[in-house]
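The structure under discussion appears below in the form of structure tokens.
Order as written gives the chain letters A, B, C and D; numbering starts at 1 within each chain.
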């Protein structure tokens, strides 16, 4: 038991709600029990049954039955206790990309913002000349059905955007300069 | 004595009829179309005969083919169910001619019930009130105006050939009446090449209340109480209940006496239903007789303790009714929800296809008449009624909460259903208070309420939904790891997860 | 007012209790063992708590753990179902001490009911007849002889410590009595180191007839009619019915009055059952009180129109009974078949394992209380009762034929069931004629009859069986041919077929 | 339609019955309908549904549902309308083998009785010196879960049995001489 494994904290957004909440596994308590954290609350999930498209679990002593429906986008579609719901999932990859792209404490000096992952450009949130603050989203990439924001590595002005919506970028491709 | 019954129908009603026949030791014969090879009624009957293609005209409406099956299989009686040939007096006559006991009224009585104008005339003669209006077709706009002034505006002008909203006009004064008369006339001529207009009082906020009636071949008649079927969409009933919240014992008896008169007026035999509109002022107006066993008969069975199919068979056998009106007592409260395969948000459009899994509700005083089973198919060729879910309780509220639980238990995968709408309706204050009317859905914005309920429902399920997403990721990752023990740093985990 | 009930049970009875709670808007709390993670009661409750390992002692009998769940979940009442802790007065007392409303009799009353000797004494005092015999332990063989001569031979000598056939002797005269007394004494001493013998009249061809009793906390008591439960194997009930074919209205009332006295004699509250033996001469003898809701309560619900779990909750809430004895009327006939997972031909050995598919019977006046669903598992850790199938009819024969049809409709795959035996019993002349006794199975050679029925059944299915074989060959051949269009002369076809 | 295919007549024996009856498909009437003959009666079988272990059909207008249970022997095991039943199937291969082994009209002169199929010897019904008539069973072979009798090709006396119970024989192996 204990924290033998590394669990990634993710961000989740549920249909009909604008709120983006953190979710993560804190600990595997036993073969079929997990301690998880959603927003600021901890829950115990006891898995009763799983197969290829159904998961049944008790969440803080309440039973839930979930059927998975195939998803075509970065969205996951479930039928939760009979209600059709979709959940958008996003890892903290934003932060990882952000750090690697020169944001965070590490640097801050470099001008070139690069993509740390390969992906398709879903949206560009700035234009040439846009003033951005460190951490502002510059563009959003989609890769393997997941969306991830690429954020400004420092305060500055966007110059020479090298990407186009709908096009693909490779890892380390330049996205723009921020001067 | 009836020993072998052909059920000229499909779906839940075919199964319902068979259940009673089997209990009574009567052999059952099913017929089926190409579309229904996998249907439960085929599997349940003692004998099953294929009668043609999926389209009803080529199978369930094919009188000659069905007669052929009856004659070759040695069937001595036929139960028509509802719909299809159930109110076809030609078919009833065909059966009579071939010495097959048609379980229902005589062909003559059925013909009279089916002819709205003659039936109305018979009721007027028997002093059963019908919706005020012209006794028949009016000669011209002048005569229409005269009648409108007698019965009072607003009135409806209806082409007897029209239907489905066309050839019908609501008018509130003489001027509108003259304009409307011209429009309806031209619409009718445009549509069918002729015109014949009747005038009828327009009733607002009406309730649909109907009476189960029952008359044997010796002329003994009783009513088996009322049902309120006001919750409808496009004139199709969705939820029925008995007793009606607006009918007290005195009213029940008063209208019940009219119902017995109505049955006599058309020399009705066997079970049938007299439908009434109840105006907001409390007046009841006869509208028509349904000359067959109705969809919603189970709720009347629940409060009367009778088996209506058995009663039908006994009457068809010539037996006298085993009770008088005074022997009959209503017991408790029953509700029926018609579980349709339809998408409420697509204007109730049919939703068809395979049903890979279904859980049928059960429990004390829960009854579910259905053709569903895991692996069955909801066909686009026939009506959208998949199941009739009925509950009984000693109080209205127990019946209602039992229904809500049964609706929650009813898991039908693969097609959209009317279940969510029914939950919203049954939870509404208007329904709880018995504020029923045929425009209930619109009057109380039920579709909008449903939308809000669904959003609220999803809001309440946010945490389990996120927990599902978290656990799905975990399980997917575990699976990948165990197959292929590569590195699992943040990015690769994410990529694995992304491919789900 | 009870607002949240923990159901300290599993299987069909946990589900049954939840159904009423949900109808009444009462929150439900389930508990489950490792073995039951996939059980329906876990999925149905509002809250579900894991309480331990599969073995009942480590979960459903673990008083401390269950109490802990009640306290942490804010449960205000507990329903024990039947079996497990339902008649454990220590547990009832533990609940009382923790201000949790135990839905059943008080701990003191339960204790008294559970102590056969004290209970019998209380009945004698209340003039409720018990099986004639010594009022308690006899001093010696001489006293036993005296009593035997008073009550008349044959008599049973029973060690109060004995059980399961040991320490019990049937004697028919004084000589046998003296020999038997010595044997039972030495057997008992050999087994438990001590001996204490009672004398009881031996009754032949007895019927097991029991009364549902009902008493509120204000001392109002009624009986809810009898059930006949004579069809048993190894003292376990298989088929129950109400009314008993041997009890007429006068007898019903006569014994019913005794039942009310019995309830008062032990200060019983809530629902319980007074069990009687009926001797072949028509005399009734009280045997014991079952201080809980019984397995077979649904048939009494069917003929009384009452919801017994609701009644239990109301009584537990301190409400007075809403009826007097004279308000209660029996309506119709109900039968219950206990659908067990067992192999009749292996001496009723349990049959356990996964149930990949099940079709649960339904229809008008058919009720099936069950934990089965497609994909569930019948556990070897708990009792073999998978389902209670109940039918109601206005006549005994309608109830019986309805049951036969429902048994035919009940398709349980994966485990052996008692269904074939019940079909044989329900079709037997002895059952139809109400010739019931606790040795019914042996007396009328039902197992042999079943064997014959099965052979006859297979004989009738020879043609479809051969047709299946023919078609299976054909389909297998077609498949091979389409995959691999080799030659299909006689021999190769045969070889292909042989590999099926 | 019509008799486009060759259907083999088989022999069937059902549990609890000693009778051995003939069964065959006479004609495929349509995609899902067959005319079959069992003993001396003709039946129409309409197949409603089949999958890997279930067949549902209407036989002369009576519905039947059959689940197949895996069989380990030449026996087929079914659950027919809820009743567990086994059917022993045997083709008229006996006759084919008989013909090919020199029986029937074709020859009758040859002495050596040979096996026309490979198989395991289940039972030997004769001994050296047994007098047999043409058509008498000499031994029974089992092959691919099916049993087939090898019959004498002519009247005579069995000599030099070459097979042993439990052993395998190949096609054309000599079984015995009949002189």
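Note that in this section a residue touches a chain if its C-beta (ideal position, glycine included) is under 8 Å from a C-beta of that chain, and two chains touch if they have at least 3 such contacts.
Here the structure is a predicted model, which is why all the values come from computation and not from measurement.
Enquirer: Please indicate which chain is farthest from subunit A, where distance is taken between mean Cα coordinates of the chains.
Expert: Looking at centroid distances, D is the chain farthest away.
Enquirer: Rounded to a whole Å, what is the gap between the Cα centroids of subunit A and subunit D?
Expert: Chain centres of subunit A and subunit D, defined by C-alpha means, are spaced 66 Å apart.
Enquirer: Between subunit C and subunit D, what's the gap in Å when you average each chain's C-alpha atoms?
Expert: From the centre of subunit C to the centre of subunit D is 50 Å.
Enquirer: Centre to centre, by mean C-alpha position, how many angstrom separate subunit B and subunit C?
Expert: Taking the average C-alpha coordinate of subunit B and of subunit C, the gap between them is 40 Å.
Enquirer: Roughly how many whole angstrom separate the Cα centroids of subunit B and subunit D?
Expert: Between these chains, centre-to-centre, one finds 56 Å.
Enquirer: On subunit B, where are the residues touching two or more other chains?
Expert: Answer for subunit B, listing residues that touch two or more other chains: there are none.
Enquirer: Taking each residue of subunit A in turn, which ones touch at least two of the other chains?
Expert: 62
Enquirer: Sort out which chains touch which and give me every pair.
Expert: Pairs of chains that touch one another: A-B, A-C, B-C, B-D, C-D.
Enquirer: Report the residues of subunit C in contact with subunit B in the complex, numbered from low to high.
Expert: Of all residues in subunit C, those touching subunit B are 16, 19-20, 22-25, 298, 301, 305, 307, 331-332, 357, 359-360, 362-365, 367-369, 373-374, 393-394, 398, 401-402, 405.
Enquirer: For subunit A, which residues count as touching subunit C in their complex?
Expert: On the subunit A side, the touching residues are 32, 46, 48-49, 56, 58, 61-63, 65.
Enquirer: Can you tell me which positions in subunit B touch subunit D when the two form their complex?
Expert: It is residues 37-38, 42-50, 73 of subunit B that touch subunit D.
Enquirer: Any idea which subunit A residues touch subunit B in the complex?
Expert: 6-8, 10, 12, 14-17, 21, 23-25, 34, 36, 38, 43, 45, 47, 50, 55, 57, 59, 62, 64, 66-68, 71, 74, 76, 78, 80-83, 85, 87, 89, 91-93, 96, 116-117, 143-146
Enquirer: Once bound in the complex, which stretches of subunit C touch subunit D?
Expert: So the residues of subunit C in touch with subunit D come to 408, 411, 413, 454-455, 457-459, 461-475, 488-491, 493-495, 497-500.
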